[in-house]
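Got some structures for you, see below.
Here subunit A shows up in two complexes: once beside subunit B, once beside subunit C.
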Partner chain A sequence: MDMNEKNVEEKVEESRPELPDTREGRLVKALIEKAPYAEGSVRRERRVEFRVSVERIHEFLELASETFEMLMQISVVDWIKEGEFELVYQLWSVSESVHAFVRTRIPRENAKLPTVMDVWPVAETYEREAHEFFGIIFEGNPRLGPFILEEREYKKHPLRKDFNMLGHVKAIYGEDFDRYDESKTNYVI
Partner chain B sequence: MSEIGNDGVISYELKEFKLFEPLFKWARKKSLWIVAFCTGCGGIEIPPLATARYDFERFGIMPNPSPRMGDLFLITGYVTPKTLKRIIITYEMMQDPKYILAHGSCPINGGVYWDSYNVVKQLDRYIPVDVAIAGCMPRPEAVMDGIMEMMRRIEDGTADGWKRYRENYEYYRRNQDELFGEGWREKEARRWLAWI
Partner chain C sequence: MADLEVPNELRREAKEHDMYLHPIDRDTYELFFGPQHMATENFSIILKMDGNRIEKAIVNPGFLHRGFEKLAEGRPYFTNIALLLRICVPESDVPENIYSMAVDEIVGWEVPERAIWIRTTVLEMARVSAWMFWIMGFGNEIGLYTPGQWAAAYRERFMRLYEELTGGRVYHIYTVPGGVRRDIPGDRWLRQLRDTVEYVKGKMKDFDEILFDNYITFERTEGVGVMDKRFALKHAVTGPNLRATGVPYDVRKDDPYYLYDQLDFEVPVLKEGDSLARVLIRRYELEQDLYILEQLLDMGPPSGPYMVQDARLKALPRFKPPKGDAYAHVESTKGDFGAYVVSDGSHKPYRVHVRGPSQSHGVTVLEELLKGARLADVPVILKTLDNCPPDIDR
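Presenting the complex of A and B:
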């Protein structure tokens, strides 16, 4: 019985993980103390994760840029069922060798965010790309507009999940390569 | 160089040198100079061909920096509309006779990008392809076989893509204009080729 009780206690502890006493854990703890509105966790060695609400994302990134000097990428996930875009700012700390994901969610309709160009100037390129493929508007970025894509695709924001890929392909490249059903279930090959 | 005979057939060979035409064909087949336009993933398949194991220089094939001196246009993988603009301009800059070798399944029917918004599905609608090698990606053996096939076709005169491009220029031009919009040469190509 004693053994069982011990096991139960351990399991309870495991289900609510505290920040570990490692380099990453101390890093997250220090940042969370400065910014109590953010949630932080450690995913594994050299990989940490934060969740911030969109209202305070700029404030948080400015704070985080003291530890995480480099912005490596801004990636976007389209959660169409929730009706939200998830933006992932991927930061790299040169001094600590830690990779951080800063996640924030914004509604899909009229998606707007403040730009982080004043924190990392390189964000201009990543924001242009996110704007082009998903139609997110970064307020304060002066160069939003057609970037890599042609005008025709730029208007439709092709990496959104509700972009009608097959219809677009058929309209542009013709129908005579047709080898599938519209429903993508029956392949005619 | 071309002239229309009494029977309405266009002859591309100089009449004075008709006798030497087999010699010219043999010379063309044995001196294919490549325009190395490495699109897509096949560009990395060219170094094994050029180096010691397959060594395509023993067939007279040579990588070549200028499209003006090229005979063989390698299209090594998928082609996006933006690349296709460059390919068409480069192809039109090459001197006759010129041959196109398309690697992989992407130029044939889109390959794994069959439902991608940004990959041209049938390259043959926009420029004439002489030999297409299936596979994703074809191994160097397959590419060598494609080059041998190209040589056979040059010898018996069936590698006639450059003639087809001249004779059916309206068809190719119409397809290109459908894809890029009217006046794309004036709008886009002038940005990188000022003399067009």
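Presenting the complex of A and C:
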């Protein structure tokens, strides 16, 4: 048991790369000191990256909002082979001129997250979009529902990788949507 | 509650003729503003009205949703240019450039100097022609139709230059990962561009007289749709709308790309945060953009290739970048336009996500600013925010 624990500790230390002594490096270091549960790294000039577990994402973003004033976007990536959604909160700091990726992963089934509307009110729009395209539920956002899509498309979450686009089009347009080529063998889209 | 009262005779008369009388005096009613209305450009706002005042506004986008992000996942990297540029109609070079910049970063390409010069010039031309488009829209909304017609004519000059450079007028499909698709047609094109810039510069005085220094513009925009600095930052408002509240954030200065760190230009900032400030900021920026174009022409295009030299580019449809992701953003006339591209090592992007500036100032901000505004101020607020529905819907 002791050996195992030591190994784990060593691994944690190994996985934290040395932060460079630049403006970005100091910024990441200051934030990591306040939030030791997050992993931080510097990607290049004016681009930094954080990884946070989903349980503490709201806490971390609230802390980060002191430095990073603007939430530019919430990008969702569907990693279907791993069975996970990756949420990337794109933050921009006006005072420091640094862009931050804050990454977190949640399972695809019953994907749930706390909303960050109380930190950035603009998150309402991004979360509505992520909800209807991926089916992620943001707890605390009162306006989840059809936003850009129509009612009949809303439940299907079309940006998921397992969404059958051709089947959906056929189901809606039926025989009118006959897009076979002249030899009637190949489907053309 | 509005002060207007409908006379009783008018009521009676309307009832006799079985006419619908607009319940302007006491009732609250619901008004569907758009998508047919010219100011909204393909999206609609549901307004809960109380007389002439707006109690609540609900933005209803989605009329332009074409699923570009889904379609981009099923197409090779270079084919996506022809798809993604349709996200921003008035300045289609912006989506081309952010996507190309992100792919360049994933692959690790050093774009040749000549291509960078061309890309910068194309982006600035796009900005000037988008300002012209905006002047047309804004002038029309407040009833000043003449500057709009002039602006459309000046935009046409830029579109002809684009046609000669790229082959397209509105959608250019020109900037691709690794460089640009074609070289500059020749010195004649550069001379024509300089002539056009000088011509538009000479016309700024006329625009000032008829639009920007006009009594009607001041009356219609002063004190309308005010937002403060804190509100703007919390709602991620970018571009001229943010600079009108006193925050000097410009992607070209703060996260310089292409040649912008070598160019000399100013970022105009006003602190009022109302519609008038947003109008004036745009006027100053138009002037700065013309100045930047002049500088670029003075610099001249560097010699060399206009496309990166890479053996992988010989089989374009099967071009595979390494695994990775990148976020690139540029300053468009609407604000900070960004793209997040994820590559899983195959020949198609795993995910493309575009951050349209109207996503922030076109939904929550618009709903907040419309609260308590008059019905006649709706087009003014919409146009001074420069809302562009295609980048909400995508």
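Brief remarks follow.
Criterion: the second predicted complex is superposed on the first by the 156 of 189 C-alpha atoms of A that agree within 3 Å, B and C clash if a C-alpha of one lies under 4 Å from a C-alpha of the other, contacts with A are read in each partner's own complex, and residues count from 1 in each chain.
In this section, a residue touches a chain if its C-beta (ideal position, glycine included) is under 8 Å from a C-beta of that chain, and two chains touch if they have at least 3 such contacts.
All values derive from a computational prediction rather than experimental measurement.
Legend: residue contacts after superposition of the two complexes on their common chain; A:77 is shown touching subunit C, with no touch to subunit B.
Greater residue coverage of subunit A by touch, when subunit B is weighed against subunit C, goes to C. Contact with both subunit B and subunit C is seen for A:150 once the two complexes are overlaid on the shared chain. When the two structures are aligned on the shared chain, A:174 is found in touch with subunit B, with no touch to subunit C.
Residue contacts after overlaying the shared chain place A:19 against neither subunit B nor subunit C.
After overlaying the two complexes on the shared chain, residue contacts for A:35 are found with neither subunit B nor subunit C.
Contacts of A:125 after superposition on the shared chain: subunit C is touched, whereas subunit B is not.
When the shared chain is aligned, subunit C comes close enough to touch A:88, but subunit B does not. Contact with both subunit B and subunit C is seen for A:158 once the two complexes are overlaid on the shared chain.
Overlap of the subunit B and subunit C interfaces on subunit A comprises residues 149-150, 158, 163, 165.
Put simply, subunit C touches subunit A in their complex at residues 61-62, 65, 67, 69-70, 74, 233-236, 238, 247, 249, 254-255, 327, 329, 336, 338, 340, 342, 350-351, 353, 355, 359-360, 363-365, 392-393.
Those residues of subunit A lying in contact with subunit C across their complex are 46-47, 69-73, 75-78, 88, 90, 92, 94, 97, 99, 101, 120-122, 124-126, 129, 147-150, 158-159, 163, 165. For subunit B in complex with subunit A, the residues that touch the partner chain are 81-82, 109-110, 114-118, 120-122, 125, 179.
The part of subunit A that touches subunit B in the complex is made up of residues 149-150, 153, 158, 163, 165-166, 168-169, 172-174, 176-177, 179-180.
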